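Structures given as structure tokens follow.
Next, two complexes with chain A in common: one pairs it with chain B, the other with chain C.
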Partner chain A sequence: MIATVFPLVGRRLLSSVAILLIVSMLLFVVLHVLPVDPAAMSLPPTATLADIEAMRREMGLDQPLPNQYMIWLAKVIQGDFGASIHFRRGVLGLVADTLPATVELAVLAMMIASALGIVGGLVLFHVRGSRKEPVVDFGSIMLLSIPEFLWSLFFILIFGVALHWLPFTGRLDPDLRVPAGTGFLLFDALMAGRLDIFFSAARHMILPSFALGIAFSPTIMRVLRSSLIDVYQEDYIHLARLRGLSERRILLGHALKNAILPTLSLMGVQFGFLFGGTLLVEVIYSYPGLGNLMVDAVRNADLPIIQAVGLAYCAVVLIINTVVDSLYMVLNPKLRLR
Partner chain B sequence: MMRILPPWLRSARVLGGLTIVVIISLCAVFAPLLAPHDPNEQDLIATFLPPVWAKGGQAAYLLGTDSLGRDVLSRLIYGARVAMMVAVLASFGAMMIGGTLAYIAGYFGGRIDSLIGRAVDVWMSFPPVIMSLILMVGLGVGLRNVILAIILVDWTRFCRVLRSEVLVVARKDYVAAARLVGFSHWRTVTREIVPATLPLLITLVSLEMGIAVIVEAILSFVGMSVSSNTPAWGQMIADARQYIYDSPWNLLFPILAIFFAVFGFNLLGDGLRRTLDVRLTATQRV
Partner chain C sequence: MDMLIAKNLGVSAALPDGSVPVIQELNFSLPQGKVLGLVGESGAGKSMIGRTIAQLLPPGFSVTAGELMFDGQDLVRMPAETRRELLGREIAFIPQEPLSGLNPVLTIGRQIDEHLARLGIGNARARRDHALGMLNDVHLSHGADLLDKYPHQLSGGMCQRVLIAMAFASRPKLLVADEPTTALDVTIQARIVQLIAEMQERDGTSVVFITHDLRLAAQVCDNILVLYAGRPAEYGPARSVFAQPAHPYTRCLQLSNPAMSGPRRALYALPERMPGLSAIKGIEGCLFAPRCPKVVPECTRALPPFVDVADGQVAACIRPETTATIAAPALSASDAPQAGVPLLEVRGLTKTFRIGGGLFRNRAFTAVKDVSFTLHQNEFIGIVGESGSGKSTVARMLCGLERPTEGEFEIDGREVSDGSTSSRAHLRAHVQMVFQDPQSALNPRRRIASIVTQAMEAAGGTSGKERLERAEALLLEIGLPPDAARRFPTQLSGGQRQRVNIARALCVAPNILIADEIVSGLDVSVQAQLLNLLMQLRRKRGFSMLFISHDLSVVRYLCDRMLVMYRGEVVESGPTDRIFAAPSHPYTRTLLAAVPPDDPSAVWSPQPLETDVVAPADMLQEANV
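Let's turn to the complex of A and B:
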């Protein structure tokens, strides 16, 4: 099985690298038609025109665009993403500090979205054809119409401001210090044996991860429902009925296993959107991740950061998609036969 | 009463969605007539007033006032202008680019199809919010650039879905017959293929309008859309978020406005998908 799937996965991986390269090129072009001058911005206001000119030459800005790109790419491959103009720090360090927070949030949100999506999909499927269907279906369209940033604000209003149940700024209570480690706070806190930090971090993540998770669950629900409806047309379902299996056993033991595959491949695409959705949620909850770094950089026209963060988002999305596609190939028996 | 309506209008979803969209459109068009106040008129003595039904509310300000004493209801009504303008222009722009490429890819197939497919793959690897932010950095702030950014990000939604549909239709016998009769490529696509895919196209436009409203709200929330003297829902949210303890109401109303608009477009899109799709059975359609 591994032998047949391996070349497929390899090809998928190769195309991901190619896509990342094209994305980096596009990113470079978009950000270099800007009216702002990064050389002038990275110098103090007292700099003379000659200083700026020297800086431009040092940054390679006097070269034609394709050359500039090659210079940048060569540095990036060596792990040098340049320095932030605004923070006066290496970009790689900034991204490495914030990426784990965002990934942690996104993974938690995806778990919530999947759980809600699968349960909701089963409910939607269960009520099909009954009088409850229009109501439940109407509800799912309503859910579909609330994007993550509206959920975020809504949760703040209810659980933060009105009920005072949960915190809604930052990643930890102010009197606690982030333990050193991987940057994945929940993991680091457990490793350090600090349950107080673990629970504080978890409480801070409840609202943002639920806001994201709920926003992305309706699509999963609807796809699961329609693929369950498709699966129920198959002969083996009728056969299972003839064999006298209970409806519950047919649904959970036979139909769900087959219906989950198209849902899984959709989840890969959804995770890409969800990972982008963290940006707004982070801004609203002042959550110190990639999204806040990005918005700060955009406000300050901090090109090296925008470039690196944009690339980081794409890289994560491509990695997720590759993993999901590979999983799909491994799990799908039809692909194994080829 | 239902009999005289064309079949596609007989669905509750389509009617409901259309009603919401028409209400918002009317607000947008007749904003100066409907709004009780100038949306930028400040009343610094009457800041953070709650809505009229809450304690301390005033009849002059039905939904209360914001941090500068501006009338929230008037700002919501004027905000519909920005939302509808972006919804209409951005979705049609995205449809034009995405649709054209989808017809080319699906009809001609082969190398041009795989080229367009690759372009879609590249675009899809970018989370839409991130891509529109980066484009706004490149294009500069302002409503026109917001519309342009949405078009440049979202054409793939049309291209991806429509292409597979065109692929199916283009292999139909009647399309081959049209070619045999001597129709040019152009005429075959516009007379035979476009009409067959029109239901899908209309549905996608409706859904895209909802997405455009959300993206505009996001961009004006982070301060990259309209200038501060043009009322927009996302901006109202950003404003109200700073004074969340003083007046939670101010945050609630623009949230509801965005939800209402997006819900209208989604309901309409979902209803149209069911009623216009000839392949769905009668029971599935209801």
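Let's turn to the complex of A and C:
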């Protein structure tokens, strides 16, 4: 199986490097066109014009833009993304602290979206042509039309404020401390044997991940439904019936395995949007992830952070797409090397 | 004992404007170990009978009369669960399209295993051994390798063998084979038919053999039931139905099918086509009356009763004695080949494809090797060969769709294979292609007028009115009403669409038509109409044609000369009559022997040719051609 996907992963890795380079250039140019002077911002308000000029020289801002980019790139290759102007900390450390939180949220949300999407797709397919179809169809379209931030607000109002069932700010209860480790809280808590932390983290993630997951599930439902309908037109389904297989066996053993393929490639695309969607949800739930870091950075015109976070979003999406495409290859025998 | 008995069986479809009979007054009995052939064109209801046996009818269809008894049990009235228990165990099916009959994402082994598990073979090891034995029984070598393969890695013939193995795994009492060989090459068709017969004899299975090919049915069946618009037209012992057809429809079917031997005769082309579901209700009396050459006013009074015409042979016709007098029109003298000047000269045409995607996995595959021939004015040359023989690649090169790797060709004295702009213009002006599938060759969003005159539109300098007039003239010439110009392709039947396809190619008045399998998807009566149309067009406007086909009888009827291709090479060429009378290459002999003979009492002895049991390296080639 590894041999199957290896060439694909290799090719993707190469193209990912190229894509990241192009994105970094775009970010660099766009951010330098903004009327923001990082040199002035990094000095106290009492600094003189001469001080600012000296700082500009020191930061290399007097150089032509391509030179500046090359200097930045050379440092990045050595792992130095610069320091945050606002937080007075290394950018790499800031991103490393927040990225796992966001990835954890996004992956959980994607799992929820897939589970809801597949179950919903099967339900939609099951009721086709029956009297229940218009009702279920209406429901799925309603789901489709509610964005993730609205779900976030509904959930906070219902399960947080009204019912007091679940927490809706931060990642942990305030009296607990984040255990050291990978930054993936659920994983770290388990490794540390701290079930209390694990459950607290899980409770904090339920609302944001469901808000994201529900928002992204209807597209999966509808694609699965229509590809199931297509697959049921195929001869091998008819022939499976003629062999006397049960309808349940035909659906789960034959049809779903084929219908999941187009659904899977959709999920890859969806994950990109979903990862971007974490930003709003993080802000609404004060969830200390990449999204909140980005919002803070934009508010403070903290250019090094914006650059690094932008690249981090891009890299995660590329990685996820490679994973999904590899999975697609493993599941679809026609794409495997002969 | 009779395994399957239909008594006055009727199936109806609920349409918006009422219920329509899909099958009516169906009566037959299939004794144990015998073969019943269901013959008819598309829409005759033969596949519907297969679906009725399984009671897997389309939504809105239901059995409304009579009964269908299998082994003493009523298939229609038994509970669905009981019937499902019979399916795959006592009643097995073989489909028309072997490649799509297997699930593409599961290995052959998984699919066989699932079936055997359902048959109650409990242990995985035993199932595997059983599967290997089954594959061996259908003469598939390397069974163990095959179990790990996916359907797309196998040829159509191999997939059909796998499906036959699965069908016979339970030693069923009844087998329903729905056009099991239609999608396969002739030599493979012959081997698959032999294989079904061999398995059937082993297990004493009764077979319902559904086919559109009367000649094939006469060879393999004990009894034949000819269907027309869902109602039996004729039923009786295969040989007598074939030798002395009593129903005009059977006779017309026979006469519309080109012969494989004897003097060349013209084809009898039935007018129009079989009525569809919505049209059946509008017909008074005999359903065949609107197309029948022997129709008299009495025919339209009532549905004809079934009349005994000979020992065990019945026909639904009030005047069966007139059937024998139906004759095909004589071939006119001007249909005889007339040699003109050379138009197309092909010298050493070769095409090599690079296959394999990786950096180091490139390998060359020669699809066409050193093909040379000359096409004269007003000459029809047939290219025959099986799938993968390179015949379509030759066509694509001659149309300029593909550049030859080596070799060249001259049209009307000008060398055109260099790919330059002026060469391509010369090529377009002289050569037009008619594609195989009119369904996908005609843009569904364009009106017929615009499709037919596309070449004029592309050349520019003509007004819409001029083009419409030209389109109407062309449609008239190919036998469609001029008002078809304003319709869309979906509003036409398959045969009409193929006519439009031909009209489009004729628009710029080319000297050469290249026709790739243009009649292969059509019913014989529609095929006869089109073949006669091509002959008639040649008489009227004069053109040459390269006619690519896997159907030898059609080539024999239409073409003056023929090329036989095998694995990219021309193995034999010459006048059609000469090759049919005395084939010199062993492959040509195999090919000719694989076609069921005209005379059902003649011994059909197809020679084994192991093209459907190919080595893995060859599978790759086949899949890429």
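The rule is simple: the second predicted complex is superposed on the first by the 329 of 338 C-alpha atoms of A that agree within 3 Å, B and C clash if a C-alpha of one lies under 4 Å from a C-alpha of the other, contacts with A are read in each partner's own complex, and residues count from 1 in each chain.
Just so it is clear, a residue touches a chain if its C-beta (ideal position, glycine included) is under 8 Å from a C-beta of that chain, and two chains touch if they have at least 3 such contacts.
Everything numeric in this text was worked out from a predicted model, so none of it was measured.
Using the contact criterion defined above for the overlaid structures, shared-chain residue A:L331 touches chain C, although it does not reach chain B.
Legend: residue contacts after superposition of the two complexes on their common chain; A:G79 is shown touching neither chain B nor chain C.
Once the two structures are overlaid, the count of chain A residues touched is higher for B than for its counterpart among chain B and chain C. When the two complexes are overlaid on their common chain A, residue A:V317 makes contact with chain B while staying clear of chain C. Applying the stated contact rule after C-alpha superposition, one finds that A:P64 touches neither chain B nor chain C. Within the superposed three-chain model, A:L157 lies in touch with chain B and out of touch with chain C [touch as defined at top]. Once chain A of one complex is fitted onto chain A of the other, the partner contacts of A:E234 are limited to chain C, with no touch recorded for chain B. In the superposition on chain A, contact of A:P7 is made with chain C only, not with chain B. The residues of chain A shared by its contacts with chain B and with chain C are 129. Across the complex, chain A is touched by residues 54, 56, 59, 84-89, 92-93, 95-97, 100-107, 114-115, 118, 150, 152-153, 163, 166, 357-358, 620 of chain C. Listed in rising order, the residues of chain A touching chain B in the complex are 15-16, 19-20, 22-23, 26-27, 30-31, 33-35, 129, 134, 141-142, 144-147, 149-150, 153-154, 156-157, 161-162, 269, 272-273, 275-277, 279-280, 283-284, 294-295, 298-299, 301, 306, 310, 313-314, 317-318, 321.
Chain B contributes residues 12-13, 121-122, 124-130, 133-138, 140, 210, 214, 217-218, 221-224, 237, 241, 244-245, 248, 251-252, 255, 258-259, 262-263, 266-267, 270, 283 to its touches with chain A in the complex.
Taken in their complex, chain A has these residues touching chain C: 7, 129, 234-236, 238-246, 253-254, 257-258, 261, 331-334, 337-338.
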